[in-house]
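One chain, chain A, links the two complexes that follow: it is found with chain B in the first and with chain C in the second.
Here is the complex of A and B:
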């Protein structure tokens, strides 16, 4: 099973990364590590790397912080709780491309509801071209990234909250802990496994997120707002490079980058645990 | 336990990332044996007409030739990658419809016209389009349909601004755009789409109407003085005169410029017959169609020709030939082109369609239409380079000369190798 699901695509990707392909996709022989060397020469690479770091860390951190709040809220009993729990699934269940398209219209300079609302409320004097202005594109994409990551993250945290037995809170209360103190000293430490899972899966998921960045950024020339995933796609099919081998080399690099990031994260976390 | 979790997570990570890397490239091609069936890949021009026509044609063909057709209609956004994947996997289609052909001819993947078209079909092509399908003097890219751009203007906005008619020169164009922009209330003089979707088309029209071109007698001439002047003119429209929509370098055609024109906000835009069809259906904008404003004395427009090509595979030549001959029967090709709202590529089709008054402005423009250099395999890279970069030149602080110099450098490099 693992050999088929992991082994075959891995081998195919590595093989492609060592090949020279014509613009039509025709295999023209091996270039060894040539594609990797050329990858390092790409002018856009540092920008794309920086974008990827900003995109992944901001989306994951914000999604987790917000989810801690929403999960806490949903963990309380209140009228309509069931409805809200269901409603939260919607952005998760909707297709990413559809969600991204919807946000393209929300952000639109001329027709978008966001500019309309903000100018009506006199928060901004002039409309903003959210997806065309270099200063706002990444932020606009991050908002959508957080929006679609919330349901999953909230449910993971919610599951974590449900697993905390009520007695520990009672014990905390008997010891005279305030609500905030109880949250910090009881809830957060006991949520650790849930947060660990949420972080790792979100990092992978956000790193690999193609539709949001692609759809919200498709009007912009060049690579100024691409992440490594959309850059890979552009190298293969949309830029003048049009090179499947070079894109495959970046694909291999992407796998290594995400593996290292996750391994580094898990390592740091368990090291802290050992220290505590 | 921690180690077990780590291993699990790592394995999961590898699986997900790899699937992510591969899922855009793992389209399967049918495994039927050669001779029994042919694979036909057609780009989706419209949801309403493309599939019904080709399905009908395939059934007719299956009856006549006794060969099944594995028909695939693929949308324009993913056709490049899907075709590339087929070729990577050594399973090319038998017949392919695309907007480029010369790289495939260069890779020696294609049959020439003499191998798979009857002389009658070949002689029926309008000469300019047949020439547009030649690689090194041999016809490999068979014209499937064509279109021509035209200049669209909003008659109501023109009347409000006190303009008598569409501008004929660039000076008149700038004045008209100024007056419309001056109407206020969100009116936009000219919608200029230089975002990645179709920037090469918009650029080509402006370039030609200033007397510039993609190539000179010595090869690529993208950064010629004329062209630098043209791109500066476009940058000035945006940044000095401020008579375009916001960020023209970051506006695509379909969901940007056309959308604004369809909403009645825009005075002028470069469109084509499918835009006219949408405007007619919506009945919101009172528009006129005219020739391009020109600074070169004579208005030039862009003609676009798409191609059918036949891939060399053992034992498929006769089957492919029969399929192509069936499509090129005048009643078939004309029925489809008419349904899609495009223009003919055959002399017989031109004769039949010239009766249609709606198509008159485009058919009139066709003799003066120029094609982009699709016959040069380097064009496939140059086009993508222009799409990805020319928009940067018209952004505030952009440098037209520098952008064109880079495009020229890359074009020369693309012509040289790979």
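Here is the complex of A and C:
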């Protein structure tokens, strides 16, 4: 009985780690350091790295800032609050590919509702080819990225808000603090752990995000708007390169980036446990 | 006395209004999805575009449901999501129970590994996964997708179940033992029923994650009849054909059940996803 119960985690362990072994196995087996050298020589690399940094930081920062507001709202009691919570779930539960395809349609140059709405409201003079114009693709992708990251972020911040005892606010009020002052000096510092968790997990999720960049950037040739993840995928499976070795080298780099974020997350968490 | 009451009512009304606005902003893209799904083919490519259909055409949904292609993808999604969920629960429940009740050498290393796999999506590893299944000759099989999904969703399940098992006092099981219940029966008759909410959460989460999985399926499944929904439906809109209404009708069919399931476990999600930090 106990053996069986120990066996499961062991099997789970092996299964969970299979993917990782295969990447390093691949690296040791068929790919020398030469691939890394070639990776550095890729012309697209600087662009891709810059795209990744812009994509991850903008999406995460905007999602966190917006979710401070949405979580604060959902933390209050008001008629219809349940409805809002359920609405917020939809982009989270829906398949990312389907949401991404939906935005391709909304952004469409000729038939998209966005151009129609913005020109009717005279916000823009003429239609914009959001996903075909080098100046707007990244912004358009970031909007979708924030949109799908918002639910998770809001829920984490909400959990953080719920953990703050009400007495703290009363104490602040007794001390004569204004609402804004109380928010800045009481709520925000106490939210710090939740915000750290939300930030690090979002960095990992957004860095890993494939469907949005892949789908919205579908039309554009080359690598001008790719992140490290879609670039890796294109090298391996789509481009004329079809270079598994090179892609695997980038894959290892990607894994290291994530491990770094995970290590940071674990430190954050234990920092919190030490505080508690 | 009346003034503060009024002010509170006004405040609640204002909050409701802002909340409604937020809900509308969040839902509006999906309204576009539903409206487009109900448009006849001829209304898709008109300028200027209309938000709502001029002639509602619910037949699009029936056409999609009757499409053999769609049925194949739906079947593939169901097989993969159900099978990987079963594996997740069968593997995670004992693992979570054992780590919650016993201290053993390597326990914290095991939990650390679980935590790390949770944060890893298969995305960064997809090249390696492809090589692995290529070498095992499992490309284009359900088995490859099922195993990958199960492996990556295991962590969330273990984490949420472990927290729940740990919250069930050991004394209950001990009391059962005094009453002549052996450990297996105590586990089956008492602990498992008590932890049903956590198990349901794990089941729904694993199912949805597998249902929505895209990149591994995109990479591994080349046979058009074996593709799951996420990959399959994109063939409604390609460079050659543009059936946006069918694409979105299929999407609505795929999304609605998942949203309902998600709403059921909403309260338990954050704890499982921010593993290790929220106690």
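Quick note on the criterion: the second predicted complex is superposed on the first by the 226 of 276 C-alpha atoms of A that agree within 3 Å, B and C clash if a C-alpha of one lies under 4 Å from a C-alpha of the other, contacts with A are read in each partner's own complex, and residues count from 1 in each chain.
Keep this in mind: a contact is a pair of C-beta atoms (placed from the backbone, for glycine too) under 8 Å apart; a residue touches a chain by one contact, two chains touch by 3 or more.
Note that the coordinates shown come from a computational prediction; the quantities given were computed from them, not determined experimentally.
K.L.:
Mind working out whether A:221 is in touch with chain B, chain C, both or neither, as first, second, both or neither?
P.N.:
first
K.L.:
Figure out whether A:262 sits in contact with chain B (first) or chain C (second), or with both, or with neither.
P.N.:
Touch partners of A:262: chain B and chain C.
K.L.:
A:145 in the overlay: touching chain B, chain C, both, or neither? Say first, second, both or neither.
P.N.:
Neither chain B nor chain C is touched by A:145.
K.L.:
If you count the residues of chain A that each partner touches, which comes out higher, chain B or chain C?
P.N.:
Partner touching more chain A residues in the overlay: C.
K.L.:
For A:155, is the partner it touches chain B (first), chain C (second), both, or none of the two (neither)?
P.N.:
A:155: touches chain C, not chain B.
K.L.:
Using the touch definition from the top, say if A:90 reaches chain B (first), chain C (second), both or neither.
P.N.:
Once the two structures are laid over each other on A, A:90 reaches chain C alone.
K.L.:
Across the two complexes, find the residues of chain A that touch chain B and also touch chain C.
P.N.:
Comparing the two interfaces on chain A, one with chain B and one with chain C, the shared residues are 2, 5-6, 9, 12-13, 16, 22-23, 25-26, 110-111, 204-205, 208, 210, 229, 232-233, 236-237, 244, 248, 251, 254-255, 258-259, 262, 266.
K.L.:
Per the contact definition, I'd like the list of chain A residues that touch chain B in the complex.
P.N.:
Those residues of chain A that touch chain B are 2, 5-6, 9-10, 12-13, 16, 21-27, 104, 109-111, 129, 131-133, 200, 204-205, 207-208, 210, 218-222, 229, 232-234, 236-242, 244, 248, 251, 254-255, 258-259, 262-263, 266, 270.
K.L.:
Which part of chain C faces chain A closely enough to touch in the complex?
P.N.:
Within the complex, chain C contacts chain A at residues 12, 15-16, 18-20, 22-23, 26-27, 29-30, 32-33, 36, 44-49, 51, 91-92, 94-95, 97-99, 104, 110, 112-117, 119-132, 147-148, 150-152, 154-155, 158, 183-184, 208, 211-212, 214-215, 219, 229-231, 233-234, 237, 244, 247-248, 251, 254-255, 258-259, 261-263, 266, 269-271, 273-274, 276-279.
K.L.:
Which positions of chain A touch chain C when the two form their complex?
P.N.:
Answer in residue numbers: 1-2, 4-6, 8-9, 11-13, 15-20, 22-23, 25-26, 70, 73-74, 76-81, 83-99, 101-103, 105-106, 110-113, 116, 120, 147, 150, 152, 155-156, 158-159, 163, 193, 197, 201, 204-205, 208-211, 229, 232-233, 236-237, 244, 247-248, 251, 254-255, 258-259, 261-262, 265-266, 268-269, 272, 276.
K.L.:
Can you tell me which positions in chain B touch chain A when the two form their complex?
P.N.:
Result: residues 2, 6, 9-22, 24, 80-81, 83-88, 90, 103-104, 106-107, 109, 186, 194-197, 199, 245-247, 249-252, 255-256, 259-260, 263, 265, 377, 380-382, 384-385, 387-392, 410, 414, 418 of chain B touch chain A.
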